[in-house]
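Okay, so here's the structure we're looking at.
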């Protein structure tokens, strides 16, 4: 599963992208967030307030209850601010 | 009195500008038109339908009853079509 | 800060935009427009006639109106006259402003004015002959929306 | 006929307009917009972050919407990312069309989208530090008027 982070999400986590292999029980974006928050203080800070976050699954804006699988590209970022 | 003609007014009259010295009785644009119509077939054709014409006195759009004098610049042209 | 030119020669849109490109960091937007001769209906060429002096004065009055309506940091208008063939540039309007909507609206306002009410007269050449263009009602509508 | 580029390097507005300048006589209008970094409130620099791939796809979807709404003969969008200082160019939008209102409106529609809803994130540097910009309500209004 490929994860991408943008803007302050990237800054808090400290990497711009990574490959993760969460357990099979991680079947939605919400469950992925719970899995990631347990990985360290940077992740915990980034995902503390999910209302401040947006998510894209395979480059499409998605809901937090969207289903995800091991081959998906999942990106977390704040609301876009435009150019 | 300096006269200027534009677009088809110029084409009908055959000159783009000229100096004229009408009699003192020519005190308005309308009277100037009557004076000019007597000068030849080109003028008569140009001024046949004054509703199709616009006039400017000293580079300001004017009415046909506007007062004019010997030092004025008077221009006749069709309604503008823009660029 | 504003420049109005009526000329027979062509112009360079990039150079006009560069002249508006104030590097001070006070402007955020340059909206511009290039008008070209369309070859509709077998048009061979069009010739633009204008009233030198009055034309510049009237355009300047509309530039002043635009400046009273929108915050404008810089403005350039170039309008060609004489004989022009399809594909040739006729007109440039460029507006620099702090804000994009002001720049867009002022440029559109000035273009609507220039295309409908500025003291130009157009003659069109076609195979069938040459005719002077008459005032178009549609374009008058585009001007009314600013009133 | 449309080109969308996201790049760190600067661009040349004149070259972009020249690329839209179809000489066939079928277009009558090229409306364009150049956005610049404003130095408001002591801004030292801004840095634009974007989601490569998704950003181009989302912009392309809005270009497709613009083409469905207005008759567009050519369209170019260039958006810079990375660190930019006041006075630098950020964005170019150019639209060629037979008609000036279509060109203006499509350019304005795309700029409203790019400035408010395109997948970019802005960080601003000031003496006081660096902050990520939050979504602005005013700009959202500018997008709503197209709905």
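Going by the order they are written in, the chains are A, B, C and D; count residues from 1 in each one.
Everything below uses one rule, namely that a contact is a pair of C-beta atoms (placed from the backbone, for glycine too) under 8 Å apart; a residue touches a chain by one contact, two chains touch by 3 or more.
Here the structure is a predicted model, which is why all the values come from computation and not from measurement.
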* Quickly list, by label, the chains bordering both subunit B and subunit C. => none
* Geometric centre distance via CA averages, subunit D-subunit A, whole Å -> 27
* Structure fact -> CA centroids of subunit B and subunit D: separation to the nearest Å works out as 50
* Structure fact -> Rounded to the nearest Å, the gap separating the Cα centres of subunit A and subunit B is 77
* Whole-Å gap separating subunit C and subunit D, where each centre is the average of the chain's CA atoms -> 23
* Would you mind listing the residues of subunit C that make contact with two or more other chains? => 35, 115
* **Pairwise chain contacts under the document criterion** => A-D, B-C, C-D
* **Of subunit D, residues touching subunit A in the complex** => 35, 48-51, 53-54, 57, 79, 90-91, 114-123, 132-136, 139
* Structure fact -> The answer for subunit B against subunit C in the complex is residues 4, 6-8, 10, 56, 59, 75, 77-83
* Asked: Can you list the residues on subunit D that touch subunit C in the complex?
  -> 12-15, 17-18, 21-39, 43, 85-87, 89, 98, 100-101, 103-104, 107-108, 111, 115, 142
